[in-house]
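Heads up, the next two complexes both have chain A, just with different partners, chain B and then chain C.
So, the complex of A and B:
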């Protein structure tokens, strides 16, 4: 089978779409189900990404090692697999800590708290030269296998990521139908009352935030592998905005909302516009990233003006709650 | 069943309940008192939503002064707050199902019992709880708590602001809940006349203290007036 139509750029675009769908599922559980406002998505994702780079043993572009240099007793792919798992755990720990800090806060407090967390991750990435390589970044992150060409390697990684995102989607779908999900929904709607339902609602919520944050970190670690090279510039607020806008566009309360939303935003930008729109080359390098940020930023403002949780409230009705009757 | 010993509680250092002791068994126990007397504070403390500042809270002989609210619910104390007693974006049926998160009996069986108790709710099964009228909402809040099969039900002013028709209906339901389900009831009320009709015993709460605790039939108008005077 010929795969000429599948350019490296398209593989990368598809990877981004798949990854953002996964992020959308995870934010859907936080915001759509439990009503937790996470404005620091990029922080958890970036924590996983950088943790992977550091743990796997990436090095500064100059070739100097970072402070943390784990003497791996085994090579790839196990080294990469172990690093992905550890990076996921690190992001989960971050989620546990931040989830605990914001647990008593209202929506505004949660947004500020998570945003602050993302800012801290960014600052660490930029300033801790020994740990993160600061502006110089972390390089040396190759695919943990070689099946011939860069493109073939990337395609295989896309398949792995797709499998992971399908698993995340399946987990999300299961959560909707479980008593655990019902308690989350109740907590999101009326937290004081949910405390009196007979199950530990606050622990349930904290656990969900921990698990979903770990999932964001997992996707960040996956991303680290496909880009090979990490810099603080990757930790822009546009990552967070993309997930939020996609989620709200697609319907934050529905399982399929993130899929639709991401296809309409990231898919449109990273694939359709990026690869097939007849713009001059210089546009893509200079104007496009800016245009993208502006559009995401403006969509967010529009959404906030029209009260996201109001919209959420209505959309929540559509499909989500049907599942609540069953077990 | 539910015992309060020298209980003190309140908010941020402001003591509202100032050393209260009482014991409620399998009965209808009414708490009367003027606005601000501390009825809501007392019930929320019993439901473990407000921390104790002093004293003890016991349920079935065990100290529950420090258990989290979900555990007091799991042990059998159902709580219907004065306001916000339902999940507004869930339907009536969903509210009941969520309410029945604990308990061993078949959930649908329990839902059917609630519909039998409050027939109005059955018709509204698929309506959003946030769109219910005041009276319907109170019934749902109460039904939601009953889904937990509680041994003791704390009801905070369930008839405040309702039309007379609903008030009568609600008090009838309270009696029915107590008699047919064997649930002990603590009922905070402003509506003294009606509440006294259904109560076995009554406490008049005044500025966070028990002004009088008496058999409902023995409470005198004088005591009531005195207790309501601040």
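So, the complex of A and C:
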């Protein structure tokens, strides 16, 4: 099968789309089900990404090692797999810590708290030269295998990421149809009432936040592998904005919301406009990122002002209950 | 003196003992109870004027309102060796597991959950709600379908796959959620307020059946007909304390006290 039509840029664009859909599913569980606001998506994702770079054994571009240099007893792909797992756990710990701090806060408090966390991750990445290489970044992160060309390697990684995101999506879909999902929704919608029915609402939210944050870290670690090179610039607020805007555009309370929303935002920008729109080259380098940020930023303002239900609309438990339990 | 009574009556039900319990809001004492035991009789009424502190006392029992001082203890029936539990040291969510359950005076519901959802939420045990139990819905429904349908029929609730629509439906659903928790001690805060007569009758019947099956029930109501009809014992609360206790007949004999607080025409009922 010829894959000539698949440029490396397209593979990368598709990877971003897949990754953002995965992040959308995770944020959907936090915000759409349990009602937890997260303005710090990039913090958990970035924590996973940097933790991967550091644990795997990336080094500064000059070749100098970072402070943490694990003497791996085995090579790739196991070294990379172990690093992805550890990075996921690190992001989960971040989620546990932040989840514990924001538990009991209202939505505004949660948004500010998580935003602050993302800012801290960014500052650490920029200032801790020995640990993160600061502005110089972390390099030396290649695919944990070589099946021929860079493009082929990237395609395989895209497949791996797609499988993981499909699994996350399937889990999300099942959660809607399980007592656990109902517990999350109940906790999100009326915490005192849920508590009076015997539900440990704080613990429920904390545990869910921890696991979904770990999931964001997992996707960040996957991203570290495909970009090969980490800099603090990658930890911009635009990652958070993209996930939130996509999720809410699609429908925050619906399983398919993130899919539709990401296709219409990230998909449109990173693939259609980036690869196929006939803009002059200088545009892409200078104007496009700015335009993108402005559009995301403005969408977010609209979202906060009008709290729209998104294209798919509101949660429809009545339809769901009818379909699984009859009338 | 209340404890003496406890010793003499054979205790076959769960009781709740409130000792030295006080609560004030912005410096104003709302509840101040020296020693009170609830649940010595199958159905007990708790009455008193608006603002007497009835709801606050119930919230203190559930520990959804923090006590300024004092303790609330769940006393098990004789022969139950699980031991007494100090409820005021436990989080609210632990109450349902101990069998202590309360309905709400103010209408409460989950905004987007259907009646099936509400009922299934009540009956689901913690181990069925674990994050990885993604196939637990069908067995949970099958396990509890019969009792859920029983209560739907009993209160004439239709379309359980929809949300509770009217205020009355929400009020009944709130009661059904609590009944499905199989309480050993049930507190009802104005359960018939706003309900039409036929449904008020249904709620009273449900209370009688529950009490007959061994649950201790405490009812707060402004509709004194309900209280005189249902209660084996009545506690009259005013200004944060219980000032009168006795059978409905005994309470009604204190006409002056009752009318002072509740207005004329209440005693005859």
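In this text, the second predicted complex is superposed on the first by the 306 of 327 C-alpha atoms of A that agree within 3 Å, B and C clash if a C-alpha of one lies under 4 Å from a C-alpha of the other, contacts with A are read in each partner's own complex, and residues count from 1 in each chain.
The definition used in the following text is that contacts are C-beta pairs under 8 Å (C-beta built on N, C-alpha and C of every residue); 3 or more make two chains touch, one makes a residue touch a chain.
Since we're looking at a predicted model, the values are computed, not measured.
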* Which partner does A:189 reach: the first (chain B), the second (chain C), both, or neither? -> both
* Of the two partner chains, chain B (first) and chain C (second), which one does A:177 touch, if any: first, second, both, or neither? -> second
* Touching partner for A:198 - first (chain B), second (chain C), both, neither -> both
* Does the superposition put A:72 against chain B (first), chain C (second), both, or neither? -> neither
* Going by the touch definition up top, name the partner, chain B or chain C, that contacts more of chain A. => C
* Now for A:256: first (chain B), second (chain C), both, or neither, which partner does it touch? -> neither
* Structure fact -> Where chain B and chain C land on the same part of chain A: residues 179, 182-183, 185-186, 189-190, 192-193, 195-201, 317, 321, 324-325
* Asked: Across the complex, what residues on chain A touch chain B?
  -> 179, 182-183, 185-186, 189-190, 192-193, 195-202, 313, 316-317, 321, 324-325
* Name, in rising order, each residue of chain B that touches chain A in their complex. => 47, 49, 68-70, 72-74, 78-79, 81, 84-91, 93-94, 97-99, 101-103, 128, 145, 148
* Asked: Within the complex, which stretch of chain A touches chain C?
  -> 171, 174-175, 177-180, 182-183, 185-186, 189-190, 192-201, 207-208, 211, 253, 314-315, 317-318, 321-322, 324-327
* To do: Spell out the part of chain C that touches chain A in their complex, as residue ranges.
  => 62, 64, 91-97, 101-102, 104, 108-114, 116-117, 120-122, 124, 128-131, 133-138, 140-141, 159-163, 177, 181
